[in-house]
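As written, the chain order gives the labels A, B, C and D, with residue 1 at the start of each chain.
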Amino acid sequence: MTTIGFAGLGNMGSPMAANLIAAGHDVRVFDLVEDLMTNVSGAHPQTSAAAAAAGVDVFISMLPAGRHVESLYIGDDGILSGMSKSTLIIDCSTIDPQTAQRVAAAAKAHGCQMLDAPVSGGTGGAINGTLTFIVGGDALALERARPVLGAMGANIFHAGASGAGQIAKICNNMLLAIQMAGTAEALALGVSNGLDPAVLSQIMKESSGGNWALNVYNPYPGVMSGVPASRNYQGGFLVDLMIKDLGLAMQTALASRSSVPLGSLANNLFRLHEQTADAGQLDFSSIQKLYLRKK
Amino acid sequence: MTTIGFAGLGNMGSPMAANLIAAGHDVRVFDLVEDLMTNVSGAHPQTSAAAAAAGVDVFISMLPAGRHVESLYIGDDGILSGMSKSTLIIDCSTIDPQTAQRVAAAAKAHGCQMLDAPVSGGTGGAINGTLTFIVGGDALALERARPVLGAMGANIFHAGASGAGQIAKICNNMLLAIQMAGTAEALALGVSNGLDPAVLSQIMKESSGGNWALNVYNPYPGVMSGVPASRNYQGGFLVDLMIKDLGLAMQTALASRSSVPLGSLANNLFRLHEQTADAGQLDFSSIQKLYLRKK
Amino acid sequence: MTTIGFAGLGNMGSPMAANLIAAGHDVRVFDLVEDLMTNVSGAHPQTSAAAAAAGVDVFISMLPAGRHVESLYIGDDGILSGMSKSTLIIDCSTIDPQTAQRVAAAAKAHGCQMLDAPVSGGTGGAINGTLTFIVGGDALALERARPVLGAMGANIFHAGASGAGQIAKICNNMLLAIQMAGTAEALALGVSNGLDPAVLSQIMKESSGGNWALNVYNPYPGVMSGVPASRNYQGGFLVDLMIKDLGLAMQTALASRSSVPLGSLANNLFRLHEQTADAGQLDFSSIQKLYLRKK
Amino acid sequence: MTTIGFAGLGNMGSPMAANLIAAGHDVRVFDLVEDLMTNVSGAHPQTSAAAAAAGVDVFISMLPAGRHVESLYIGDDGILSGMSKSTLIIDCSTIDPQTAQRVAAAAKAHGCQMLDAPVSGGTGGAINGTLTFIVGGDALALERARPVLGAMGANIFHAGASGAGQIAKICNNMLLAIQMAGTAEALALGVSNGLDPAVLSQIMKESSGGNWALNVYNPYPGVMSGVPASRNYQGGFLVDLMIKDLGLAMQTALASRSSVPLGSLANNLFRLHEQTADAGQLDFSSIQKLYLRKK
């Protein structure tokens, strides 16, 4: 049994904490919204993040953005300075690599090991314990983390040094946005030229057009059952979250003077979709709607 | 044994004809370049396309562009008018759907069944008999064609009515261009932020970034063996051919008033790549070079 | 006084013919829609295009697309073969350069001089006789045409040989689409960051952001009076017509293997705008709406 | 006579300071590079920025990026805390609006008036005193600044409150990048279809394609004399600086969740141009080279 502190009990954090408890760990939780703490059965609510972090073996954070992570650890009332040097810190938030590196450097200066370990797999993966962790940081620290991460996810990748987890996730999600929109575009082109979207999907899937979006998350309504496209794009991975991740990709590209023409266009297409269809709370495969004629 | 006429013995046509002969068919070939006919061992060279088509069970054409197909069948000296009504016509050329439909309509008026059956799989697939055929036309005609197509390829898809084979291939290859360039872009973004391209490839492949280009045709030099990226982009599917297929996609989108922003950008990126690096005769995964800093 | 035949009395053709009559010419008109002929006061309606073209000094056509022009002159019942060699032919339609060149070559073979002379200036320019003519063809033929063109327009440019008028107009309108959408984008960016669109317009107009769209055709509602943006984008140059011209630009780029990434994106943005807002019959400056948040 | 402190004597700052001296002001200068201070004839070199700012009527800064401005005024050794409340601060640097607003808020809290006043017009405008100032901040503060700005520039625009000068400049330069690249694209399309670039330029200039880039800064070699395109793109406004400004536009768009598809594509085209042709130190109209066939 490991004692684990856990900060951030949103849609992702709550089921992740629940899986840690189910695996037999002692989990001390904190969230600014008090009700979220009592909703996680078997968790030990704390009165502050500092209390949740006090003396634990592992401390995990799952927060919305870089500024929250920075504030939690190294802000004016940051908890890092009070943490035990033996605590392993794992930040599972998806944030900009610069902040991830800055906070990890502060942790190292304090004497703690810290990993950035953003996840993919969405709320479904969080509930079922099948998340993918993409980890940046020291390889030995990752070995320490494996048993804990293994209770929450099915795949663990080591992307490189501090921040590399964030960069790899950003690259992956930018490519995902491109191929989801590209798949929607190819399907719409076929349909407006008389093809059946299911037949075209089948052909491209077994040909060189195959990709994750087409193969397991088809955006065209009615082609695949059990995906958001078949329930009016409810649930899934929200357009607003994809726009957030694309924003991180754009910032990373700007900071490294990288050319990302397709990524930039995908970013703008998702924004136009969000604006013209008020689609922020729909699944991101709803980008298909942008391509379909209204009448 | 089937008697087969075959017109067009280029890089694709020659090995396709050879596989038909190897399967025991009687193959009568024609090409404007005489030497190409004598190079196909076991084939019966003819003095004209009309001679190759005279009285055969099946007639196959494999030509560079729509104007060649139109000219062969329904031009001033077109062979269609002299063909037997019992001959099944299979055009394996990749051409614009409009021409495919026009020629198929003429064949129908004449009394012949005709299929458009563009292929994917490249010269390797043609040599090894593992091509994919994407077929448009009547389902019964496709049943007649299966034994012959099966001698040249491993997969046969029925996309729909006349022209649908061309449309499905166009959609597939537009999506392929998007995901090849998108993959190159994501890899370059990762590398310029310190990631190892092989590690990043591995992570994205097993995550939602997975796609045909990343999974089996990695564009980054040194990541995957046996692909064009590991032999200076020699061989494979040429940039010039991808530009041809993207041109067909753009025409099809214009004709159907479809929005294809990512496909259009991919088209222009391949053109810029061809222009700035004189890359027309390199494999299309060389688009990776457009994204790498010259230093 | 010149005898002039005129085919095509749509929104543009009718006022153009009326200006020729006002300038004292003898104008013989034909349109498939009989009522359109009687609406042009002072014109001499004919029973066919051939009748309108018989023995005139100058014959003018103003038709929707290349296929109409091709059909009129060199189709199955084409009028060219019956025309007098002394008749100067001026096609004012905006069509693809290939068709313009093909028809002009046929005219030359027949012994007639022919000019392609697409116009800009819209219905307002047609009514007021202030059109701009962008002319391709022989310089001496243009000198013959000047007095007639001068009765309908204020500016006459000689772009080059046959087809050059079409190419120059296509280039101009592609650039116009880019700068109209670019202006809309810059204004929306400023407004969403707190700027007054009128103040920002004024600053950019007198700086390096100045362009025709910003300077005389501001797309932001309420900034400039007397433009479509100030009357709910009614009237003006329709989105559908801009999409037609962008289609010609895309075809011209494909045929010449030219890279037009911004033009292609503008083309797709206008299409997305048309699709998502059913905007085909609005003025093209309504592209501004694509950029404005719905709420 | 006004006493003026001036920090930052680069390619822009030096001639600006020189024009203030020529107008009879007492100018106290500071730059980290000592030689730059002695090169400005008539200026009074100081040993620190704080010394240059001590007790002056007006203090002007002209620095490369937001972090320099932030550091100068409110960093660890920031000079703001030691400045007289009667000193008017004018920051002429082109930086991100967020930093501009943050520093201006600190100045206000300290009791000083501060303007953001980025310039356009390049080194030529700086030398000739014909710069354009785009100003954000209080209108009364701008009135105080006018006599000083007037010694360095010809046009002064009031864009709005603090930061508005930066936003307006960013919008303008994003539009400039779009229309420069769009102009290059239209010219290349025309040329590859046989048009003379000078003739096409003339036609578009007097038609709806007219824009600042086309009209006074033609990017096609040989069309216009006295512009960078006619001297191998030496001098002028560097690609690297345009990329910097486009980076600010992209950040501003991300922060305000604005859609800027054409601006994003222009950003990526300038980056691709810089990468593939090592063009960072060429004038930005050299984007024309990206569109011309290498042959």
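Throughout what follows, a contact is a pair of C-beta atoms (placed from the backbone, for glycine too) under 8 Å apart; a residue touches a chain by one contact, two chains touch by 3 or more.
Note that the structure is a prediction, hence the values are computed from the model and not measured.
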Per Cα centroids, the chain farthest from chain A: C
Contact-richer chain pair (by C-beta pairs counted) among C-D and B-C: C-D
Distance between chain centroids, defined by C-alpha means - chain B, chain C (Å): 39
Distance between chain centroids, defined by C-alpha means - chain A, chain C (Å): 51
Where chain B touches two or more other chains, by residue: 257-261, 265, 269, 272, 275, 290-291
Complex contact set, residues of chain A against chain B: 97, 120, 132, 134, 155, 157-161, 163-164, 167-168, 170-176, 178-179, 181-183, 185-190, 192-196, 199-200, 202-204, 206-214, 217, 249, 252-253, 256-263, 265-266, 269, 290-291
Chain A residues within the chain C interface of the complex: 261, 265, 272, 275-278, 290-295
List of chain A residues in touch with chain D within their complex: 243, 247, 250-251, 254, 257-261, 264-265, 267-269, 271-272, 275
